[in-house]
Structure formats: C-alpha cells, structure tokens
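In the two assemblies presented below, chain A is common to both, partnered first by chain B and then by chain C.
Entry: the complex of A and B
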C-alpha cells in the first residue's frame, strides 16, 4: 500500500477512534440506564435547559475526561512517584499504538504487515498491564486489592482471548490482521466464527470489566479499585485509554470474526451495524448479571472458556488438516 | 467559556459524605439519584473515592470523633471543589447543637470545619430541593473553575 496513504490514515484514525470509542461508551451507559428504567445521559436536552447546560449529552464520556483534565492532581505521599505518574500515560500510548494495527473500513493502517495480529494483541495486553502497575505503585490497600483482582481476571481472560484469535489464524493460515479481515467468509468458516467468536466475547467481558467480571472496579467493596488514588489528569488519562481500548476490542472483534466488514469502504454501514450490535450485547450482559466473586469467576472461566477454547482449536485444526474445506 | 470549564458544568461528580445523622437525608439524596429523578440525565454521577469528586455532599451533624475524617475527606477532593450541605443538621447543627453547655458528643454543623458553598435546609429536604442545591453548586463550581484558570 502507498506509504503516504498509510500516514494520512494513521493521522485520521486518531479522531475517528476517539469519537467511536466515546460513542460506544455512551451507548453502554445509555443502554444500561434504559434497562434500569432510567433515562441516562440525555440525547436531546429539554428546550428550556439547553441554553445553560448544552443541547445534548452524547459526548458525556468525553466531557468527563475533559473535566478531569482541568482538575488538580493529587499524588499520595506513600506512592512510588515515577511509576504512579507514568503508568497512565504508558497505558494510553500502548492503547493508541494498538489502534494503528487494527483495520477500519477503507483504511488498512499497519494491519498489512506480516505479524500484525501478534503485535496488536501484545499492545492491548501492555496497555492493561499498566492499569495494574500504576495502582500497585499507589501504596493504597484499595488500589492494591483492585490491581490484584485485575491481574487475576486478566490472566484467565487472556487465555480465551489468545486462543480464539489464534484458532482463526491457524485455520486461515495467516498472522496478518488484514489478510484475516479481507477474506470473504465461507460457509464452514461460520462454525469457527461461532465457536471462537463466543470465546472472544467472553474474554472481552473480562478485559472491559463488563458486569459479571467487574470485580476490579467493585465500588461497594473496594472504593474505586485500581483507580482509587488517581485524580485529575492521571485519572482522565486512564479513562481516555479505556475509551481507546473499548474501540480497539470492538474493531478487533469485527476484523477477525466478521470478515470482510472492516476491509473495503463500502462495508462501513455493515461495520457500524455490527459494532452497535456488539455493544448492545455487551450492555445486555452487563445489566443481566450480578458481580461474581473473584474465585467463582476463575472457576467459571475454567469451566466454560477452556472447553470452548479447546473446541475452537479443534475446529481450527479440522480446517488445517482438510476435514473441512475453508 | 472554555471547553474545560463547560465540561465542568456538564459532568459534576458527587461524593456523598455521611457525617453522622439519622439517615433521613441520605435516603433523600439517594432518591435524587435513583430512576425517578435520574440525575445521570445531566451527567451527575456518584463516585466512590473523594479524589474523583467535584462536589462534596455532606449530610448530618458532625460528631467530635468524626472531625479528622471530615477535614481529611475535604482535603482529598482536588480543586476546584464545592461543598453542598444537605439537611438541617448539616446546615446549622439542628437540635443536636448546643453552645453552653457544649454537647458532649456532637460538634454541630459541617461549616464549623470546612467551607460550605450551598446550604439545602429541610428535615429531610425533598429530592427536588437537593437537585436544586446541586445545580447551585455546579454554577459555583464553574465560577471557581474560571477563577482557577485565570490564575494560571
């Protein structure tokens, strides 16, 4: 691909991913509220209030981040200062880097390079690692407990994430996201999409802290979990990286499991429909479930995700060995 | 008005500090955030840590044992911040406040310890009153934020 086009698309993807990530998190909040018989962040403000407090709240997650950027930052005396201050920025940098390796309709970005699947998954992992490291350095017991829960959850969720990605890679014999994303889906490959896609969806729940697996942020138990000691700009940076990670996970899901929605520009409407459906599913899971104990969540992952992961690997090897034709 | 100051009006986060009351005002405060009045329509959220908060909502009169905690929680809220005192006890100490002889256990209202910006009297105030008080608080927050930006 033309290097100039790649550079332009890398510059373009930043605002696009920010806007889409903010819209996705707004959608999750709004759907949550609607399922709980609340109104949620309002889409069209009441006409008498709109001159004072704005005409819409679609950009509510962005306003939250902007407000945090304008606040003072408190650094606790017991914190390891360097690690505490740099972790949010490192998390943000890695999540933004991960976005460059995931294709958007009409923009292959860097996903054409041979091992982009491995690079993207490692960058997402690195971003999450820094949401564990920062709280550990904060010196707060709540932060430490939150970070420990996050680490345990991350370890088990990672299993499903990696196996589901690589079973698709094994079946289609490629480690480049662009090749995986631009191949037309054949009929037997839908079986693989179903099995590996379910595994990936369950892994996404753990990575994005959707309800049965939101123990790291359990407000009624451990204050704000990993983010307890963070305030102002540092907290805003963490929230920003969360927005980017949400976008990255959704677009990675669509790229790997719903080809060819993220290849050509003409697929943009279907890409949008798929993204909204995925967010809707996440919101439904979020409202329907109570929070697991961390021990039970680990057991649940072992009981459900490991068999699913093994099944998706078996299906993938069936393709490779020629039992089924891709 | 700058975009950040506008964002302060759009997303005020509350930290609910219960100092020591009968729980009446707390029930009403939570009712103000529950589905019927749903304050999340306007971006108002209840947060778990005072370090994330913009508006400190205090209820109840302050017992003497609780003095260091109130000061500490107030200091943990990063600037710009606003304190909204909800209920008769938080506004003036109500029937628990005595000057002479001094009450052995209760200090009195929260404004003896920390600067309070908005008073919402009532025993207990209705959710509409509390939301009105928070709105006044948000306007003060924007003022303070503009001052802070001008200083820098």
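Entry: the complex of A and C
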C-alpha cells in the first residue's frame, strides 16, 4: 500500500488505540460494577454534580493515569536505579510498537509485512517482560514475589497464546496478520476459530490479569505485587502500557479469529460489536471467579488448555493436509 | 425470668472437684468461687483439664492494692453440671510476685499469662513462651527493675514445639522472614504475623498483637456499673451488642437479677441480627481475600438490609446503646416487629439460596479446602472457640452450655448448634453459612413473640452488693466472650476489677499452628478464617529506658503530639 497512507495511519492509530483502550477498560469496570450491585464510573453524571466534575466519567481510566502523572515519583534507595526507571518506559514503547503491527478496519498499518504475526507477538511479550524486570529491580520483597508470579503466569499463558495464533497461521499458510485478517471465513474454518479462539481467550485472561488469573495483582496477599514500589509517573506509565496492551490483545483477537472484521473500513460496525462482546465476556469471567493459587492455575492449564491447544493444532494440520475442504 | 442457683453445688465442688480449697463461696447462677493456695494451682489445673476435661475460660490477676495480687482462674464445668463455673482464687504477695505457670497443661493459658506479666508484672514461672504479649518485644521490664525474663531454652520437647514454632523477635529476623502487618491490605486491623517461607510455602509462623490498646478495662473500673455498658459496647465495632450484653450479664450476675421476658427476647433478637450481619461481613471479607470482589459485594449487599432492620429497631447501626442492667431501654413495638418480620423472611430465603452456591463454587473450594487445618485435639488444647472450634467438630456453644441473659431456652426457641468435620477453612465457611440460617430462624421466632405479646422491658435496678463476683458468658459471632466483674469491697457503684476475654484472643493464639504448611497466598485466608477482632487493653506510659523512670502522658499531651504541636511536659 501507499507508504504515505501507512505513515498517516500510524500517526492516527495512536489516539485511536488510546481512546479504544480507555473505553475498553471503562467497559470492564462498568460491567464489573453493574454485576456487583455497584454503580461504577457514571456515564451521565447527576445534574447537580455535572457543573463540578463534568458531564461524564467514561474517561475515568484515563483520568486515573493522568492523576498519577502529576504525582511525585519515589525511587527506593535499594532499587537498581536505571532498570527501575527505564522499565515502565520500555514497556510502554513496546506495547505501542505492537499496535503498529495489528490492523484496524481500513488501516493495515505494518501488518502487511510478511512476518508481522511473529513481530507483533514478540512485541507484546517484550512489553510484559518489562513489567517483570522493573519490579525485580525495585528491591522490594513484595515486588519480587509479584514479579515471580507474573513470570510464572506469563509462562503458563504463553503456551495457549502461541499455539492458538500459530494453528491459524498453519491452517492459512501465512505469517502476515493482514493476510490472515482479510481472508474470508469458509464454513469448516469456523471449527478452527472455535477451538483456537477459545484457547486464545483463556490465554488473554492470563495476559490481561483477569480473574481467576490475577495473582500478580493480588493486593490482599502481596500488597500491590509488581507495582509495590512504583509511584507517580512511572506507575502511570505502567498503567498506560496496560491500556495499550488491552487494545492490542482485543484487536489481535479480532484480526486473527474473526476475519474479515479488521480489513475494510465498512466492517467497522461489526468490529465494534465484536470488541464489545469480547470485553463483555472478559468482564463476566472477571466477575464470576475468585483468584486461583498459582500452582492450581498451572494444573488447570495442564488439564484444560493443553488438550485444547493440541486439539487446535490437530485441526490446523487437518486443514493443511486437506482432510477438510478449505 | 429469674436466674436461680443450685444450692447443693457448693458441697459437690468441695468434696469432688477441689478438696484442697480453703474457702467456698457460692455466687449466683451456679458460679462457685474457691479460695486456694497459690501452690495448688498447677495440680488443680492438671486435674481439671486432664481428668474432668474442663475448659479454662480465662486466667487473670486482680491488683488488691495493699494486700498483694489475686490470681483468678475461671473454669467451665457446664458439661458436668448445668451452668457450673468454678472460679479459683489464689493470693500472692506484692513483693517479687510470681506464680507457677499452667500453660504447660493447657496452652489456652499462655496468652493470659503473658498478658498478666505485661500489665501487672507477675512472673509466670516455667511458662513455655515468656515473650511480651501486648507490649513491644523490646519494651524494658520496668516492673522487674530492668531484668528481662528468661528466654525459652532451645531443644526442649513438649508444648513449646507444638505451639511456638518460631521463637524469634524481629531483630533476629532473616531474609526469608516476611512480616504480614502491622498494616496489610489482607487484614483489616493491626497485628503482625511473621511468616518464614521457603519458596511460597510457610515453614514457620508467629503472631504479635498489641497495636490497639485503648484502656477500656481501666475506663470501666473508674466509671461505675451503669456507664460501663456504653464503654463495653465500644470494645468492638462489629460485635458491639455482644460486648454490651456480656457486660450486662456479668453485672446482673452480681445480684439477684430478674429480667422481663420481653427484654430477653429483644436481647436475643438483636444478638442474632448482629450475628447475621457479622457472618455476612466475614464471608464478604474472605471472598475479598481470595480475590472475589463479586462475593464481597453480594454478601455486603445482603448485610446492608440486616443493618437497616437493626437501625429501625435501635436507631443505630453499630453501637446500639439499648442495653441496661435489668432489661433493655427501648421496646420494639408490635408494628415494627411485624414490619421487620416481613423483611427477615424473604432475606432468609435469599441467603438460603445464594450462600450454598457461593460455598459450592469450584475455585472458592480450591482456595478453602485443606487450608488452615486444625484438628479437634489441637482446637481443645489451643483453646479455640466459636466457629473455629465448631468447624473442628467440637460442639461448643455458650448459648447452649451456659447461656447469657437472653432467650436461648430450647423449650421456647427452636435452634441447634452447628458443627462441621472439615477441620479447615472450608468447614469454617460452612459453619458460618449454616449459622446464618439458624440465626435468621431465631430472629423470626423472637419477632413472632414480640408481635403476639406485650409487656415491660426493664425492671427497676437493684443496689449492686459489695464483695461479689459476676461472670458474663456469651457466644459472640467469633466465639465465646467472657466479661469478669468483681465488685468493690466498699463501694456500691464501682467494680474493683473488670476483665474482658475476647474470642479472638483465643483464636489468634492458634493461627501460627494453622499457618504452617500453607502457601503464602493462603496466609491472609487462614488469618481471616478466624474472623479476627483485635480488641485489647492497655494504658499509655512512657518509660525512660536509661533510668527506668515511668511517666504518664495526659490526654492533652497526646492530642498535642497527634497535632504535631510542641509537647508540654
């Protein structure tokens, strides 16, 4: 495609992904609240309060981050200073880079290049790696335990993530996200979407710290976990990168498993519906579950996700070998 | 209703239980006070605990000012004779006060002996755990002119190995030691639990309390019986009516109390409503600790409706302020009772439908089953009370054994004691869920009585006699609660001594035992499983470590300190 258009769309995707990421976080918070007999962030502010605090609180997740940006940042004396300070920024940079490789309706961005699937998944992994490295450098025991849990969970969730992505890639014989995203579904491919999509959904729970897989952020057990020593701008940067990761995971899911919703601009309404449905499912899982112990989560993954992943690989190979008509 | 005493019990106690007693005094309601020699305390404790399977309710000491200290041992004999409580009293001199420890016989005396040593300076000789209880470990020993108590010797076998796995102070701590507290998001109140972890598995644990001293016991000793009701209610914010009623029961125990039936029903009604709200609160807290915010909000949503009923009846949500010695201050009108009944019945149906579902959730079960194990023998020796003991299949409930001055008569109210044989946190959850339903039954029956009948709610208070002792027992939501009042020798309106033994005082003592072998993620769950409520007692003193001089702080000085103003001495 036209390089100029690519550059323009790369510039455009930044505000789009920020807005969508904030909206997704808002939606999770609002749905959670409504399921729990709470109000949550108010969509239309009460008339007597609106002159004071604005007419809506839809942007509450963003306000939370902006508030942190204006706070003092404390760097503990026991921390490895460079790693401690740069990790949040690296995490943010990698999460922003990742969204350049994931298509948005009407904007292929960099997803057309041949190995964009591998690049995108590595960038997402890199972003998460820096949420482990920073806490390890903080010198706090809670940070260390939180980082350890994050690493264990990461290893566990990664399996489902990689296998589900690559079983689709194997079946469609391409490593370019754009090719996968614009390839119309044929009827038997829905089977693959179901199996691999479920695996990917479970992996997303771990990556996005949705209950029952939010052990790294279990405040009752390990205070603030990885973020215990972080404050001010550095914490805000971590939260900002989480917003981008949320957007990246949702749009990657839609691009890979629900083609062609991410290809043409005309698919935008369906893309929106799919995103809201996905967020709704995430919120329901979040509401229904307490937190697993990390070793029990691992057992659960071995019992449920590994067979599912193997199944999706088998289905993918079935496509390749022509056992099913593509 | 009038509470009478069994006349033949003194002879039974004299001949059967305590032949070495010096003086026998029959108090009211089958409570017998026996004066003994301090030297006999250990042999008697051994006989009581090992032969009669009696339970030590509390051990405390009273400062007799000029003539020394008096050790007070309160034993529960309700399984032998109805409502029988034996109070042993042994006098010890003021100079170099010491008493042989009974904590080697029953571990439940350990915390009490540490507290006595902290607050009165009486040295328990041979106690397995001589560390400070409420004071900081580093606190200088002012009462003993600077000499520290002997540290426990290493390598001994026995009680110590079972209950004190980690005999260390914070200064001896190592890298593997994780302090949970004094203030930690998983536990609401201030306490420190030191856990020693290998990986994420707890190999050893220890608990330190003493962050909540407010001096309520002393306050009541200075204020007189009738004002004490309101101070006693403020011991705890969650089970405040239980503290208020237990205090009232102890005071009514001092004289021949006669309480109108309607007052008894109102008392039961409020106690059980409080139990419902407290258990719902606990389920919510545990749901929050295991990361289930939805469970937290659901149970607290139900709880809010119970709080509304309480508010409609008493006018208050937390400290009801309607207990009076001799009855209650405020009647529940028949219309109000009818209205409350209409709220309680659907609420019970909703809880009966919802809570078993919560308990059946597979992830909830995976977080609770086999977490914080406590066998029945350990529960008995450690002195666990309330739902913790009942979840270890030990049928102990003060309402049934030695009921407070409220309506728990099985002939008039149909209810039963809940036990469970899971011996773990899941069992504690089930016990509380079932107790909620039993409590709502009791509430409904009380309300039905209040709708149908009318009558007085308070009798004219009588003069409280001098030289008497009263014991109030009650089943608070967390377990057995004891208030001990000793009337003054000359003043009709002031107690000489007043002691509170809260259920968490006992249950917290067994927490380190339950923690060993748990995952670090389970530590807040185990700590939460006893439903802690840390109400303690102390006065504020400043001790100059160099010369040992003691000075007290006045209220103004504390206020000035809290405002960071200049402290005036």
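Convention: the second predicted complex is superposed on the first by the 326 of 326 C-alpha atoms of A that agree within 3 Å, B and C clash if a C-alpha of one lies under 4 Å from a C-alpha of the other, contacts with A are read in each partner's own complex, and residues count from 1 in each chain.
In this section, a residue touches a chain if its C-beta (ideal position, glycine included) is under 8 Å from a C-beta of that chain, and two chains touch if they have at least 3 such contacts.
What you are looking at is a predicted structure, and each value in this text was computed from that prediction instead of being measured.
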Ask   = Who wins on chain A residues touched, chain B or chain C?
value = B
Ask   = Looking at the overlay, does A:53 come into contact with chain B only (first), chain C only (second), both, or neither?
value = first
Message = Taking the superposition on A as described, I'd like to know which of chain B and chain C A:314 touches: first, second, both or neither.
response = neither
Request  = Look at A:232 in the shared chain and tell me whether it touches chain B only, chain C only, both, or neither; answer first, second, both or neither.
outcome  = first
Query = Touch check for A:66: first (chain B), second (chain C), both, or neither?
reply = first
Ask   = Looking at the overlay, does A:39 come into contact with chain B only (first), chain C only (second), both, or neither?
value = first
Ask   = In the superposed arrangement, does A:74 touch chain B (first), chain C (second), both or neither?
value = first
Which of chain B and chain C A:266 touches, first, second, both or neither = neither
Task = Considering only touches as defined above, state whether A:215 meets chain B (first), chain C (second), both or neither.
result = second
Query = First (chain B), second (chain C), both or neither: which does A:8 touch?
reply = neither
Query = Residue overlap on chain A between the chain B contact set and the chain C contact set?
reply = 36-38, 219, 223
Remark   = Counting only contacts in the complex, chain B reaches chain A at residues 3-11, 13, 35, 38, 40-43, 47-49, 51-52, 54, 76, 78-80, 145, 149
Key: chain C-touching residues of chain A, taken from the complex the two chains share   = 32, 35-38, 141, 145, 211-212, 214-215, 218-223, 287-296
Remark   = chain A contacts chain B in the complex at 29, 33, 36-42, 52-54, 57, 60, 63-64, 66-67, 69-74, 219, 223-224, 227-232, 235
Key: Of chain C, residues touching chain A in the complex   = 178, 184-186, 200, 287-298, 301, 361, 363-364, 366-367, 519-524
